[in-house]
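In what comes next, chain A is part of two complexes: it sits with chain B in the first one and with chain C in the second one.
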Partner chain A sequence: MKATIPKRPWVKEWHVTGFTIFLLLVLAVLLSAQATQVGQDFSMDQFVDLWLKMAHPDWPYLSQIMTPLAQTVQMAIVGTLLGGLLAIPFAFLAAANIIRNAALRWFIRLVMNLIRSIPQMLLAALFVAVVGIGTLSGVGALAVFSFGMMFKLLYEAIETVDSGPMEAMRAAGGKRGAMIVFAIFPQILNQYLSFFLYTLELNVRASAVLGYLGAGGIGLYLNTTLDTFRYDRTAVVILAILVVIVLVDTLSNQLREALS
Partner chain B sequence: MAEKGSVALKDVSKIYPNGVVGLENINLNIQRGEFVMIVGLSGSGKSTLLRAINRLHDVTAGQILIDGQDITQASGDKLHKIRRSAAMIFQNYNLVKTASVYRNVMSGRVGYYPAWRAALGLFTKEDQALVATNLARVNLLDKYYVKARDLSGGQQQRVGIARALMQEPSVILADEPVSGLDPKTTKLVMNDLKRLNEEDGMTIILNVHSIGLALKYASRIVGLKAGRIIYDKPIEEVDKRDFKEIYREAGDSAAEEAE
Partner chain C sequence: MMVQKRSLKSRLKPYVAALIALLIIIWAFSGIEFKGIKDSAGSVLAAIVSGLFQPDWSYVYSGHGEDLLSALFETLAIAFLGTIISSFIAVPFAFWAAKTGKHFSVRSTTGKFLLTLVRVFPELVLAIMFIKAVGPGAFAGVLAMSVHAVGMMGKLFSEAIENIDRGPEEAIIAAGGNRVDALSWATLPTVLPAFINFTLYRFEIAVRSASILGIVGAGGVGAPLIFALSARSWSRVGIILIGIIVMVTIIDWLSATIRKQLLK
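Up next, the complex of A and B:
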């Protein structure tokens, strides 16, 4: 007996629906590009000029940017540390298996969601306006960002722990605080460290451009070299940032793998 | 003041918010050194009863006295203290799987430490020695640094016993401690409990499915059905045929197991 593949309508056979949607999307991209005037004043000469200059990096400049480069990483570390530590108590206050008062939980989550909805660059701009130009602004912006991020990751981790040990600690006559230390801490410690490293990765990247807004670090040098058309120096700055980010990412990935 | 290791339930009832009757008019007097096994079908109220003794949930009416102290009315420090004297062993072991055996056993002392000392790991020399002693009692001293998740089920339950001993309890409550274990490890765990009962005079109250185990280890058997005590006899007076009544609804297989 010969097996025949079941027939289906030609609309499905030729994927008419999917293909139509694809064409409409392409059209939408073209129309929006036209409406926003993307690529209207693109100059090929300038583009080539930039690349030619950047192809000959001003290597001696490297010695001048070592300090701000280190500062960038330091800002990221301090910011992550401050935000990450501050997130711990708030994460516990927002976790349903720790705090039974739903009103308190929702209030904390609402406030934290508001904090987290502020973009990082806006935070930096705010800090520069309030605290003034310098690394303190950068640290502040990164700390607030880390605070929101670590809070969310951590309270979700707390809510998904195995509830058995907590029950055992309750039966053993533990007080709330000691119960958390014995039953919850060991369950979330590795995850916490992993979240910390991940946030640090993001912060090193963000920290590199914060200087653009005057919040300290290497970003300032990126800005100055571009403004003075010293693209040979810009190349050095970009390459240096790249090396640092790759290093931090690799290290963080290795550590996180070891943790899991 | 009642003797240490005594448990008394007076007219205890538990009705769940949805109207289901968990326990009805339970009266039970358990003396120091008894090995009480509670038998009954699933849903007969065995777990509800055991958890009520440690107040893992509240009862609707009645009194529960541990060492003569009423746990149903206690709060704050008093509740913590009463709970310390009745240690609990669980069906799912309830260990922190990612923590070492040492840390799990030490957690039995949770009622003796404020949070900050526990967080910094500032345990007294005596308590550290106690961990070693209790691990040796369940023959697991060589697993001191091993993570709990790397142990077999039987080993995890014995770590659970060592943890319970850290409370220096007068009563041990065991909620189906061997239902997930094979016959060989069941024997190991039951023998550990039997030793505590005989050597230390600890009162043990244990839920089981298996009538065979109850007949072998218990000094007294209590039968529960639909939240009521329908059977309560010391082992000398127990007749295997009695179990037909307790397990009647289970059909023939359970009743036959008893014979």
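Up next, the complex of A and C:
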């Protein structure tokens, strides 16, 4: 008996797809490297000098940056709160199990997707241009970002709630408003708080650099210390930012675990 | 029958939590100055909105490199190169930080701590530091992104390593293979799809952050945007914003499509 070994098609035998993807990636890397002029002179002296200066932090400077540091956290909290509250009605308008009108849902989602695609710092730059320098601009930028973020998380949560309580209320003659308050809110409350904390974490991180553009908080001090070549002070600012971010992250993570 | 009453402590808990939350919120609002809105705010906002609807189309392509398309291309190049480089750097860090045993391990804890440190270090600050070394330009952006992304990718990669089935590795060791064999024939092939998936996801984030690196002078589309904002040429601000939104949307969609294919 002659055994016939099934022959693999030519494309598979020579791994054409894999090699093509690999070659395309290499080509993309080369093109990007050319576009970004990778491999310019890396001045090691300057870089080492920077780190050496930063290795001797000017600790007394810490007392001067406590207020802007607190402001950074305050901006993040207010921004998350405003954006998070505003996101609730819009999330309900975009949820398929609340709004039957598909056109309305898709329109809201499209607008929100566009809002979400603008990076936080660009929002801050726009707010500084419109509102002016100060914490209010930072709060605005963070609120818009949180609005987009919380909206997406929330409407997905609303769409996946158990429909049982809603149907029971409808059967008993409940109105749509009552359904939202008594059948949906209790189901999504914990998730909402968890999303809120997650967005807050992101906002604290963003808030720390917003000041670079004049949108309030500690970022301004990052800018001034770097511009005046006081790297010993920059180090203090960076360390303070790191401590605040790690603290907020840890606290928020523990609260989120307790919620779930 | 008597309904058992919950203890006073557990009944009070939500109220205490709400009170603490309220106090924190009041404290937060106390730090914000709700004044000092520029008198021109309304007119500037109107100008930006009209700029969005009457964008400066001539800026899209001019033919000599100082246009929107080349700025967007540079942004993508920074994001792509930064993500690729850091995806390679992240692999050893991921193995360092992965908690493979049940007990506390110094290796994994130090690795996780290091990755957290890298992750929370602001990218813009890194970019500024690299600018001191290589001068302003896209190269500084690539360096900053390559370092910063290691934090997040290392974390995601290490979680992927923690979650895999250890069976294939044990089988190779049992069949007489050494640890390098186990790594190259069992561990890496198992985690590779997850690694590629996370790298694509990180690329989506990188495109967003590459478009702001220009604010500090580290290349990309951020610089022309800041110039246009300070020069108050709103129609140019409009076209750049549209360009960023379109680019981010396309990349998100593309990456999501590829990731869906990968997970099949």
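Definition applied: the second predicted complex is superposed on the first by the 225 of 260 C-alpha atoms of A that agree within 3 Å, B and C clash if a C-alpha of one lies under 4 Å from a C-alpha of the other, contacts with A are read in each partner's own complex, and residues count from 1 in each chain.
By our rule, a contact is a pair of C-beta atoms (placed from the backbone, for glycine too) under 8 Å apart; a residue touches a chain by one contact, two chains touch by 3 or more.
Not measured: the values here are computed from a predicted model.
Participant: Applying the touch criterion given at the start, work out whether A:W14 contacts chain B, chain C, both or neither, answering first, second, both or neither.
Facilitator: Neither chain B nor chain C is touched by A:W14.
Participant: Which partner chains sit in contact with A:E167 here, chain B, chain C, both or neither? Use first/second/both/neither.
Facilitator: It touches chain B, and chain C stays clear.
Participant: Name the chain, either chain B or chain C, that contacts more residues of chain A.
Facilitator: Answer, by number of touched residues of chain A: C.
Participant: Is A:L81 in contact with chain B, with chain C, with both, or with neither (first, second, both, neither)?
Facilitator: Only chain C; A:L81 stays clear of chain B.
Participant: Once chain A of both complexes is superposed, is A:V181 in touch with chain B (first), chain C (second), both, or neither?
Facilitator: First partner only, chain B.
Participant: Per the contact definition in the header, classify A:F22: touching chain B only (first), chain C only (second), both, or neither.
Facilitator: neither
Participant: Which holds for A:W59: it touches chain B only (first), chain C only (second), both, or neither?
Facilitator: Neither partner.
Participant: With the two complexes superposed on chain A, say which partner A:G132 touches: chain B (first), chain C (second), both, or neither.
Facilitator: After superposing on A, A:G132 lies in contact with chain C but is clear of chain B.
Participant: For A:W106, decide between first (touching chain B), second (touching chain C), both and neither.
Facilitator: Once the two structures are laid over each other on A, A:W106 reaches no partner at all.
Participant: How about chain A: which of its residues touch chain C in the complex?
Facilitator: Residues of chain A touching chain C: 25, 28-29, 31-33, 35-44, 46-47, 50, 70-71, 73-75, 77-78, 81, 113-114, 117-122, 125-126, 129-132, 134-136, 139, 205, 208-209, 212-213, 222, 226, 238, 241-242, 245-246, 249.
Participant: Under the definition above, what is the set of chain C residues touching chain A in their complex?
Facilitator: Interface residues on the chain C side: 24-25, 27-38, 41, 44-45, 48, 73-74, 76-78, 80-81, 84, 116-117, 120-122, 124-125, 128-130, 132-135, 137-139, 141-142, 208-209, 211-212, 215-216, 219, 222, 225-226, 229, 241, 244-245, 248-249, 252.
Participant: Please give the residue numbers of chain B that touch chain A in the complex, ascending.
Facilitator: Touching chain A from chain B are residues 54, 56, 79-84, 86-88, 90, 92-99, 103, 106-108, 110-111, 113-116, 118-119, 160, 163-164, 167, 173.
Participant: Under the definition above, what is the set of chain A residues touching chain B in their complex?
Facilitator: By the definition above, chain A touches chain B via 162, 164-165, 167-183, 185-187, 189-190.
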